[in-house]
Amino acid sequence: MSSPASECYETAEPQTLLQRYRSMRSRSEQLIAPLDAEDMVVQSMPDASPAKWHMAHTTWFFETFLLKDALADYPIFDANFAYLFNSYYEALGPRHPRPQRGLMTRPGVDRVLAYRKHVDEHMAALLQSPQSEELRSLIELGLAHEEQHQELLLMDILHLFSLSPLRPAYDTQWPRDLPGRRGQFKPLKGGLTQIGHAGPDFAFDHEGPRHTTYLQPFEISDRLVTNGEWLAFMRDGGYRQAGLWLSAGWSLIQDNGWDAPMYWQHDEQQGWQCMTLRGMEAIDPDAPVTHISYYEAAAFAHWADARLPTEAEWEAAAVAGLLEQVDDVAWQWTQTAFNAYPGFRPASSAVGEYNGKFMINQIVLRGGASNTSPGHCRATYRNFFPTEKRWVCSGLRLARDARLPEGL
Amino acid sequence: MSSPASECYETAEPQTLLQRYRSMRSRSEQLIAPLDAEDMVVQSMPDASPAKWHMAHTTWFFETFLLKDALADYPIFDANFAYLFNSYYEALGPRHPRPQRGLMTRPGVDRVLAYRKHVDEHMAALLQSPQSEELRSLIELGLAHEEQHQELLLMDILHLFSLSPLRPAYDTQWPRDLPGRRGQFKPLKGGLTQIGHAGPDFAFDHEGPRHTTYLQPFEISDRLVTNGEWLAFMRDGGYRQAGLWLSAGWSLIQDNGWDAPMYWQHDEQQGWQCMTLRGMEAIDPDAPVTHISYYEAAAFAHWADARLPTEAEWEAAAVAGLLEQVDDVAWQWTQTAFNAYPGFRPASSAVGEYNGKFMINQIVLRGGASNTSPGHCRATYRNFFPTEKRWVCSGLRLARDARLPEGL
Amino acid sequence: MSSPASECYETAEPQTLLQRYRSMRSRSEQLIAPLDAEDMVVQSMPDASPAKWHMAHTTWFFETFLLKDALADYPIFDANFAYLFNSYYEALGPRHPRPQRGLMTRPGVDRVLAYRKHVDEHMAALLQSPQSEELRSLIELGLAHEEQHQELLLMDILHLFSLSPLRPAYDTQWPRDLPGRRGQFKPLKGGLTQIGHAGPDFAFDHEGPRHTTYLQPFEISDRLVTNGEWLAFMRDGGYRQAGLWLSAGWSLIQDNGWDAPMYWQHDEQQGWQCMTLRGMEAIDPDAPVTHISYYEAAAFAHWADARLPTEAEWEAAAVAGLLEQVDDVAWQWTQTAFNAYPGFRPASSAVGEYNGKFMINQIVLRGGASNTSPGHCRATYRNFFPTEKRWVCSGLRLARDARLPEGL
Amino acid sequence: MSSPASECYETAEPQTLLQRYRSMRSRSEQLIAPLDAEDMVVQSMPDASPAKWHMAHTTWFFETFLLKDALADYPIFDANFAYLFNSYYEALGPRHPRPQRGLMTRPGVDRVLAYRKHVDEHMAALLQSPQSEELRSLIELGLAHEEQHQELLLMDILHLFSLSPLRPAYDTQWPRDLPGRRGQFKPLKGGLTQIGHAGPDFAFDHEGPRHTTYLQPFEISDRLVTNGEWLAFMRDGGYRQAGLWLSAGWSLIQDNGWDAPMYWQHDEQQGWQCMTLRGMEAIDPDAPVTHISYYEAAAFAHWADARLPTEAEWEAAAVAGLLEQVDDVAWQWTQTAFNAYPGFRPASSAVGEYNGKFMINQIVLRGGASNTSPGHCRATYRNFFPTEKRWVCSGLRLARDARLPEGL
């Protein structure tokens, strides 16, 4: 992209695919360095997966969608793994049930690392041969897929450690979000605009087709909502006023007793604390709020006399260079339900199950987060989660209808 | 409306508000004529309400939002009813829990009918006095509200009777859907178009504001999918091919063992039968299919190499006069998640809880059904239900992206 | 019985079986006199049944186990009823699921009363003919069975009305339990003793065989624990001291928030109130406590430095004439798990499912309650309920190991 | 014991308490030798605990009930462990919830082994000093407690590995149950008898007081029911005949689809297989059946025209030397609900929570199993589990009422 917004999605210097593959795979192994084998086997909730499973499943992806078909005489590492490490591909046959991923004490971490080595060696052979356009595109998908699981691994470890009475730190040096000033609304005049991905660079299937849409004039905040603003919402009884909430959200917070973002915990002496990858910490009022559900984001926006942006508004504003904290702090809830763009067709192979079959009862989040793999995002990137999920590093950016200047 | 499509939304000869009030209220009482007191007290599932509750709640609505404030010296019929018959208005205080509506054996049907009489007499007084614009709009809302509950009452009775081992008929003379020919795709060229309600006539708040949107060229079927087409889908293994289904839909049909529309029942000797307001009947292959979930509608469309229309496409096609079976057969699932139109603001009073707080995880259905109250719908009408619900009289109409003529 | 205790089980003047049949059946109809049809169709929880169902099921029992086989040319009233009104007899084929008894709005009360009339007329014919021993025993079982359902009907109506926001009275004249003095421990010296039913009079199968058992010396209270004693337990933190409770009981009261007997309700102004068949009333401290679970009874006994009696102790004490409030106030939890007496064999026909198949995870209650049908009980009578049930009219009588006189 | 039956409860040559402590603790460490750290952290169901937790909890028991009070200047190893490794002692304060034991990835196995070493060193000091009677009795309790957890550890590992798609063996050399002949009924004439523990040797509190009870004459099988006999029950439709089952058992097998003992699995080619500590194996028809619920045991006995023994019958027969396979194959379901013996009083300290608070809705099992620690059992030993549990190594031994010789 050549627009000013593209800075936040800067691409590093060109690398060969093999260099990129090795660097990305090596990052996964760095991510588990602080973990013991015992940390890597446990599944802390049905949404989460053991770290070991992430390490194996991403490897299974390369074996299944690339090596098996594209590399002559590729020797399958272990025939059981097709069953153990398939995530959700119906077309590939039966699989180990998701809620039971935490029961797989065998194979052990060592064997999973051996699996990675085996696949990496054969991928190196494949990546050193000439590749068809289709193969190249599958390799790019495999890279992006593992980057997604790198983020999930960090999300899942934070969740696991948050449930430990010892509240262990994953990495006491994990970078902090930089605090900053409060956001300001920036106007955009609307009209016909194009959104979605087009062109030769990699993007997920559901980021396209690029298409025309029509926007009313609107305003959008250049920064994310902060913990300090969230504390003001809480002090004002934000979690106790039914009128601010969607009906389903009001039930949800009643049923679960939610009165603060996930990972926040109140302590008589120390006030509000928060579990992070660095362990328990005091809340920094100037840092962006994270780990909130869609319902909480929508209630806050209501309270602030604003609303969440649509995904088209978000993308238009990002491309126009209006936004800060675009993709390095927290995913940003939009108000748009995840659905197919006009003309979208999923691939007809098993890989076609990647995104299309999840297009219901989920909300698009835009941007990127501090735990997202470097270089993973784009202005057209569409993340999505169900409305009640909070273990994703989610925040919010406000928008509102255009306010006409006085005198009009 | 002056377009050809408006036929299906024909307005009857002008009546006074009082005449309309009486006629609408009287229809509610006609609807319960086939029922015994015992039929009217039971709640067959948490989504459903007892017929008696519908009769009382609609009356409570007029008492609460109109008589209490607008009629001087109005005597509250029974102070307990504010608690018993509030549906979901948080701003009006605590209320009887929805899943326990079926425990209210008292007050009896007779007392509820006395309540209706009391309110009707006072409403007559109110309706014979001059009314402010705001009051008039609330009265219109009360009329439309009771019409909605008339349909719910019929839905709930069908559900209750379907669970009775005796499968009683509600009314053996209840009109049948007329069978007919299969649908044909009609093209619309797209571009900028306006949708949503504007003007002085009544519409629900969420039907507006009228606003501009942009449509790609598309085609839409002029008729609804039939039982015969659905049987072909079933015979082709429609309920057994994971690849046709959204992931959540596939889980849903597995978990519930769904292999046909709701109320269908297979009998060794008589084949497929269906529970209706007329009792059990053989399936008519030429009649439109009804009582399907969003997931089933989407899977069928996938199988048929088509898709569901967006709500904007549906409205544009209806206004353009392209559609038959618009509002007299079955509600039609769109692919659009229920959300606020640009610029939507709910009323700030308790009445503001009518639609806005339900704008999440529901899908817009357009049209109208055979059990919908006469004259209730409009081309801008937005009905909405969660994706898995089937007790609404729901069907589907196919759409697809425009196919370019050969030679281009 | 010739012992003093037998007074409480006095038999009325001899009547013919027909007289007894008519009188018992007529009592059922008197019991529903205060109820509307709407009160009789609703099922307030899975354990409870609609009053209409009780009226029909008891009739079905006579039709199924007597008329069908024993009366030549008996015309079945309605073939559907075999399915609708079977309670739990597996040997008699499929049946309407228990939790869905409240969905049977049809047949209506009128038709159920017609069913009763039909069966009564034919039973009169049967009862006027000579009867074999086996037939006579089945008729006695039918009488006792309907008496049990008369009590269940009252239990279920109280439960239903307790959930109504209106808290309606079933009968404002329903007799009160007579208050009285607190209990005193009476000693019994133990040794070999016989318990259980023998002889020609009717008893349920599981009351026999009469057999020898061995008792340690013990003491038992001559009266039941009162509300006043229970209030002292509550004031002393009885519901908050884990050490008093069985582990499963402690979980149960935590999970359900129980801090008083069922039907008790605390009111800022009026203090402790209780829902009864007479409607809401202030707690009478001198009346026996009722509607407590086994866990509460056991915790109270622990707190009172006593224990619950075994069923053998209870029966021995009752026969010895030591007890007051034997069978006219409340069922009394024993500490004995419901099991077969030595040598017990259930009948091999469907009637054999009456008691034997419930001999697990239930506790024996002895005595009889204020809502028990007159003349229903005996000193050998074994009632039984699961440990957590409270809608039965259950109370407790304390026992303790014999205290040796000083000097020994 | 001097009776012939005592062979099966043989005591090894006298050892000092310290020798016994070391030998017992060392056995725990041998038991985890085949396990990886990953195997030791996972909790496969709420009933089960991670192996690591067993290793730590048993150590916590010695620290909490012995070292803290009895050893001057004992340094607590880690203050967090009081919370982490308390199982269910309410009197000792809050504790980590049982279903979340599998979330404790920290402390790791190494730290738990260090904890064991720390406690063992201090226990050695304690055991080398003179001990009061009370202290000695607590030490004996600690030894017996860890032996119980050794068995639980094996039960829990078998359960975990049975859920692994790889079905790993715990120890391919784990000893097999010796097959043998079918059982024969042996008569006992009944009358007054004494059961329960008395005397100076250690026994759990609930094994006493020794007391008199009365037995009818009965017969009891000298051996356990075999897999072959169980297969005959299955072939005869044992799992499909409602009439054989307790009502709750019939529901349980329907709801869970049980049609064979736990760990049995049918394979088209290999027939019935069973998961064991040695991995998957073919069923040996001559070996005793294991891993059955109380309901299955009772249904089998019904089918075999027999019944389960009472615990008093079992103990009398064991003491009389009538039984084989007493305590080295499988725990044997009795028909006796777990309850206090006459005169039983739990200790008033926290240790008093050991058994008494579980005396409800559980059934006594007698004997001992192949995975029970050597020397752990006695003829008076009362094990107990809820009726539906099958992960205990449970089998059955038949009994029946005495059959009078012909001619009487």
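Order of writing sets the chain letters: A, B, C and D. Residues in each chain are counted from 1.
Assume contacts are C-beta pairs under 8 Å (C-beta built on N, C-alpha and C of every residue); 3 or more make two chains touch, one makes a residue touch a chain.
If you're wondering where the values come from, they're calculated on a predicted model, not measured in any experiment.
Enquirer: What is the chain whose Cα centre is as far as it gets from that of chain B?
Expert: The most distant chain relative to chain B turns out to be D.
Enquirer: Could you check if the interface between copies chain A and chain B is built from the same residues on both sides, meaning over half shared, or from different ones?
Expert: same
Enquirer: Could you state the distance in Å from the CA-based centre of chain A to that of chain C?
Expert: Whole-Å distance between the two chain centres: 59.
Enquirer: Need the CA-centroid distance for the pair chain A / chain B, whole Å please.
Expert: 37
Enquirer: How big is the gap, in whole Å, between where the Cα atoms of chain A centre and where those of chain D centre?
Expert: About 48 Å, centre to centre.
Enquirer: In the complex formed with chain B, which residues of chain C make contact?
Expert: 36-42, 44, 52, 80, 83-84, 96, 100, 102-109, 160, 163-166, 168
Enquirer: Which bits of chain D are touching chain C when the two form their complex?
Expert: Contacts found on chain D: 88, 90-91, 192, 211-214, 216, 242-243, 245-250, 294-295, 298, 335-337, 339-340, 342-343, 353, 357-361, 387, 401.
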